Amino acid sequence: GGTTKEDVKNESTGAAAAGGKADPNAATKKGLTVGFLPKQVNNPYFTSADKGGEAALKELGSSYKEVGPSSATDTSGQVSYVNTLTQQQVDAMAVSAQDPGALCTALKQAMSNDIKVVTYDSDTNPECRNAFVSQASAEDLGRTEVQLLAEQIGYKGEIAILSAAQTATNQNIWIDFMKDELKDPKYKDIKLVKVAYGNDDAQQSFQQTQGLLQEYPNLKGIISPTTVGIKAAAQYLSGSKYKGKVKLTGLGTPNDMRKYVKNGTVDAFELWDPAKLGALAAQTAVALVSGQITGKEGETFKAGGTSYTIGKDGVISLGKPTVFDAKNIDQFNF
Amino acid sequence: MTVITPNQAPAAEVPKSSGTRLVDRVFKMRELAILVVFLVMIAVTQAGNSEFLSEQGIKDLLLNATILVLVATGQSLVVITRNVDLSVGSTLGITAFAAGIYLQDGGNPIVAIALAVLLGIGFGLLNGLLVSLGQVPALVVTLGTMYIIRGIDSIWVGSRQITAADLPGGFVDFGSGGISAVPYLALIALAVLVATAYYLKHFGSGRELYALGSNPEAARLAGIPVRKRILAAYTFCGALAGLAGAMYLARFGNVDSGTGNGYELTVVSAVVVGGVVFTGGSGSVYGAALGALLLTSINSVLPALGVSSVWVMAINGTLLILAIAVDRIVALRVASALKKRNARHA
Amino acid sequence: MPESLSRAIRWDTVVGALLIVLLLLSFSTVDGFSNALNLSFLIGNTLPIALIALPMTLLVVSGEIDMSVASTAGLSGAVMGALWNQGMTIEAIIPICLLLGVVCGLINGLLVTRLGLPSLAVTIGTLAAYRGIAQIVLGSDAVTDFPTQYLDFAAGRIGDTFVPQAFLPFLVLLAIAVVALHATPFGRSLFAIGASEEAARFAGIRVKRQKLILFTLTGLMASLTGIFWALHYASARYDNATGLELSVIAAVLLGGIDFDGGKGTLGGAIAGVFLLGALQNVMSLQDVSAQSQIVVTGVLLVVSVLGPRVARQISVARAGRTAASAPVSKAPTPTS
Amino acid sequence: MTHPSDAGPAPVLALRDVAKSFGAVRALRGVSLELFPGEVHALAGENGAGKSTLIKALAGVHRPDAGQVLLDGEPVVFHGPGDARDAGIAVIYQEPTLFPDLSIAENIFMGRQPRRALGRIDHKATHHATAALMQRLGVDLDPDRPARGLSIADQQIVEIAKALSFDARVLIMDEPTAALTGSEVARLFNVVRTLREQGAAVLFISHRLEEIFEICQRVTTLRDGAWIASEPLDGMTEDDLVRRMVGRDLDELYPKQEVEPGEVALSVRRLTREGVFTDVSFEVRRGEIVGLAGLVGAGRTEVARAVFGIDRWDAGEVEVDGRKLINGAPSTAMAAGLALVPEDRRAQGLVMDMSIERNIGLTGLRTTVKAGLMDRGAERSRSLDWAVKLQVKYARIADTVNTLSGGNQQKVVLAKWLATGPKVLIVDEPTRGIDVGTKAEVHRLLSQLAADGVAVLMISSDLPEVLGMADRVLVMHEGRLTAEIPRSDATEETVMAAATGRAAA
């Protein structure tokens, strides 16, 4: 008689997050310290997000700090940074989790030390944080990317997906929604032939793109829901004979993609504004510390003039992504 | 004086069994085993996917190998002297960024390349000085400088990045352009490779690298300037890592603080697969280059055959082991065959 | 220079002393360092490296290296997750995973000893292969719902003290390893093998067998670490512990283990492991950025090899001077 | 002092009052030496007397702590071996210093290969020059063969060829003949004589005194790092020389005790290792010393290696004390009571970076154990006992063996194996590089061991040693046993005849 998965399931039902009561009218506290812990420091995407958080905190009269590992797969490094922030007794931390489970013990430890925990960009298990600030609803992202590409290829032909790591939580959810979207009859002439993984590494994504094109000579389009992947794929396409013939879309930053939009490799792609994401994470953290919210479904709070409502499992959504193309791309700089 | 009579080698000078000698040579060439593995792999892939060896396909294969070939060439020189340079990945990253920053501000591509090479030389010198003057184990020192350079790189680069849009169009086009299926970058790498191999074989200082890797103490007694040679090998390795950095920039048009992280293992793999022995003194840069070609090609072959990327890593590792094992078994066979034939009967 | 003195400045003792100095300094000057929770974090996060450092030290002393340890750990975590998802009991899974580690180590060992391949090359190959298999086994899953009593054991501490529960078993393993390396014929033969394999063979030492045992032990410990990792972080993914091999190697090198084989002490290696761990902890608490920490690690490594070298040169120069200044005795008169 | 320096030619190379210490060890204290053109000068002294150190001081490997090196009467400072080489000094070091991965030709010409235009190496010329050198030395070694796997003797020959290729003014040879057999030594001496006649100055070290008397004109003796005498050899006897070296009279060099052989202890039957040796059968009885003679490369070492289990054999069987040995398993051979003192002490006999104590202890890992753990006290006393018994000259038992002189290293190897209390002892060139005094001790030891019932198989290229010590002499030629000669019939002629394949077996 050992312990199996079933036993564990039975024993650990219920027990969700956060007790206490929200007071929507409580005063916003000042002089707090919020620690940002991105998946990786020096990652341009997270740097813009955290900069957004920094600006928002300044506005709210609180202070900001950033710590984090220098590698996006150094989960143990991230755990020890959670510990560090706990030791330093910050008031709240905003975390983008490399792994949904690995941070749990440490985050719970932090919460039991009266530190509010907000996840942003990448969530952990719901019971390990107070709230999750989502960049856009996963459903929106998945479906719109398919819609973008379908338009570009005239609703016809073979397409493929170039994702990040096989374990990337976000990407996997989005890809599920993409597949769901493709079930709609209007896409009946589109065939998803393969999901490839470039591990968010420029060179691997590059070679995966090559492989896709060699394996499927009739490929018409590629969706790459990762900023590293789309950039590598664009760079490969723009230097190959496939430039302009194979369409590419996905999630990218305007600065990365400007050149490829201008030289005709890419028609359009999308992304949310990472700075806004970071700002919202900061605002949520402050609201949590101030007691304006506790993270329960249905609570509302105001941030930067907009009102947000907490959804199921403590998820707060930023809104719809922006589509960038040759017409509007010069208006953005991140 | 340039009149050359073809085939004037006097037949009498050739030792008795020139036939078997040739066979020996060919068999002793450890590179051959890798070449065979490589060709078989390419042939199988082509059979499974006729697009593979299209003009674009060949170009991609060559381009992918180029950067690794360069770095592996430099690394071989160091490994031949019984040392190792683990900092090449970090050097590649930082030089690529330096060249990129310079180009971003409207610099001249040639100067940018020179800059990258010079920076590489600087780091090579640092490693070389530590290893040769400090006389400390290369593995530790270069693991240390790997961390140091990587750290400096990421502090300096921060979250900045160089993208293709920042670079002169000509530079980026050069990175992916070529003469039909042969990319310019591959031509440069080939030139470097051939020159290095020629130097190693035909110049005294080149042979001395082998000598001091083979037996450092004997090298000292033979009056070989050991420290100077080791310093030179590291400097050359650094220079090629710098050149590779510039090429990386041209090829991928994209450099950030993570560029080159973990590259050292790939380079070491290529060198080892290529038959350059870690205890120094033997191996050739051609072998290392073939090793690099083999390793990068595996990464193109598997997707081209439609192998799910889930399998890629496992297959990669298995092939790596297979390559060195086959190489080793062939070498053992040949050695025992030679021994039986050569057994001295004075 | 008196023998006792030159012995005292051996690098492993220096590392041990540095560790103590660092701990004492941090206790008094670094906020948040000395409380029990932080210390338990420090030890807990360093344990995986320390666990693998035990067999790695023995391996390096015998002149070999295993780069695949982190992948073996990842593989055993992945298999653990996959089997757990299948509904097996954890008590059955753990022995299976340990066995798997033994197999991984055995494969490395056989390739090295039977085919005579260089271990660096072999294990770079298996580094990729084992990780790849882990990826095939578990794919994109992240298994997190292991039973709480196991998770608590791997992550919890003994009461309110700073000692993680898993630390005591580690101490036992450490003691076994120290005795094995420094007090048994087996350990003695490892030093001989590392310093001169041929001479060891001529002395009747079963070189291949000893190496095979070592690689197997390393695999076993790596898989144990993989299990510990998955439980400690409550997450089994195929990419668990990626890159751990370099941390282990850096720490072991820092502890004065010579990669040419034949030299070093386990005490030094473990001091190196905890020195790096404590240093990182302190630097994080002091808000030193991750990038600067990398630089510090690198500088420490370089100093760790340059330091003893310089010290030795100075002591040799000094000894030479005293000997040279001693009066030269008159040569005896020739007999003819 | 009786120097002819005021008369004859001026010395080419000289040392004046040179001192050199390694830590606490004072290897040289105020030594002077003069080398004259057209003269072969011997350097004699016990193991550890400082001969090799002196040579290294001459060659620029060591910088003397005090004193001067004089070249053509002018003080010089050699900053490295390269400087000495450029000054026309060629050195053969005591231990071969080859590049195993490079060809013999490259080994010989490393750093000074014939060049073509633009400084490129002329590989062909290198090959031919090497072939010519080999011919001059009368050996058949392929210039393109890598040095890896060469026997010690062949390595020594390559070293000699290397030194000859310099056409140096000064040729220094540190025990060049230690691994050679008579015919090769004879050829080497012919070459040396030619060089001498051409006006070269030669410094020659050997522990075989008859060689010194054969080729040298003058001798300098060292004792414990101190200069004892420099004098002409004319009119000196071997005993005189020994007295200078050792400071006392010497016991008999070959103290063979008569022993009645007991039952068979080692029995080798139809042993074959393809391409190396074929169909080798012999027996060694308790109390017997059996010599194994043959030319270099005859395969004697190979047989010993296979018997001990280092190499596998392809056919045949080996029994020690009635127990069949397992193919390729030295540990079972040891357990059966077999010991092998290998010929290459640096690579095979010793772990150079380990202490004397631990090196000797290495063969006792199974015996100096208490409750599964090392018994350090027992290990130390075992090592000390044997180091003292063999009169190893060392500063501390915990010093690494690479600080010992060549001969003392050899004693450590012997100690290491004698400490196992073997029933059968195979010694491969046991006295290579050992001074006369110690040689006599080693012989007495072997003789004593035999008297105590140990079966001894002695491989040696030193023919007088074989003749002086062996009860029977086995002779190998081209991988086969060609003769078995009883002590009574064994002479230089009979043994050499069998070794060169002239006599029918």
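Quick notes on this one:
Note that the chains take the letters A, B, C and D in the order they are written out, and that residue 1 is the start of every chain.
We take it that contacts are C-beta pairs under 8 Å (C-beta built on N, C-alpha and C of every residue); 3 or more make two chains touch, one makes a residue touch a chain.
Source: prediction; values computed, not measured.
Note: the chain lying farthest from subunit D is A, by mean C-alpha position.
Here B-C and B-D were compared by C-beta pairs in contact; the pair with more is B-C. Averaging C-alpha coordinates per chain places the centre of subunit B 30 Å away from that of subunit C.
Rounded to whole angstrom units, the spacing between the C-alpha centres of subunit A and subunit D is 73. Here the CA centre of subunit B is 43 Å from the CA centre of subunit D.
Subunit A and subunit C have Cα centroids lying 36 Å from one another. Those residues of subunit C in touch with two or more other chains are numbered 135, 139, 243, 289-291, 294. Multi-chain contact residues of subunit B, defined as those touching 2 or more other chains: 154, 257, 310.
Subunit D has no residue in contact with two or more other chains. Chain pairs that touch, as defined above: A-B, A-C, B-C, B-D, C-D.
The touching residues of subunit A, counted against subunit C in their complex, run 1-9, 11-12, 41-42, 65, 67-71, 73-77, 79-81, 83-84, 86-89, 99-105, 109, 125, 165-169, 172.
By the touch criterion given at the top, residues 67, 111, 115-118, 120-122, 124-133, 135-136, 139, 243, 246, 249-250, 253, 258-260, 289-302, 304-306, 309 of subunit C touch subunit B in their complex. Taken together, the subunit B residues at the contact with subunit D in this complex read 201-204, 207-208, 210-211, 213-215, 217-225, 280-282, 339-346.
Interface residues of subunit B, counted against subunit C in their complex, comprise 130, 134-137, 139-141, 143-152, 154-155, 257, 262, 265, 268-269, 272-273, 277-279, 310-318, 320-321, 324-325, 328-329, 332. Subunit D makes touch with subunit C in their complex at residues 1-2, 19, 21, 23-24, 26, 29-31, 65-66, 223, 226-231, 243-244, 310, 329-331, 333-334, 340, 342, 347-354, 358, 361-363, 365-366, 369, 372-374, 396, 416.
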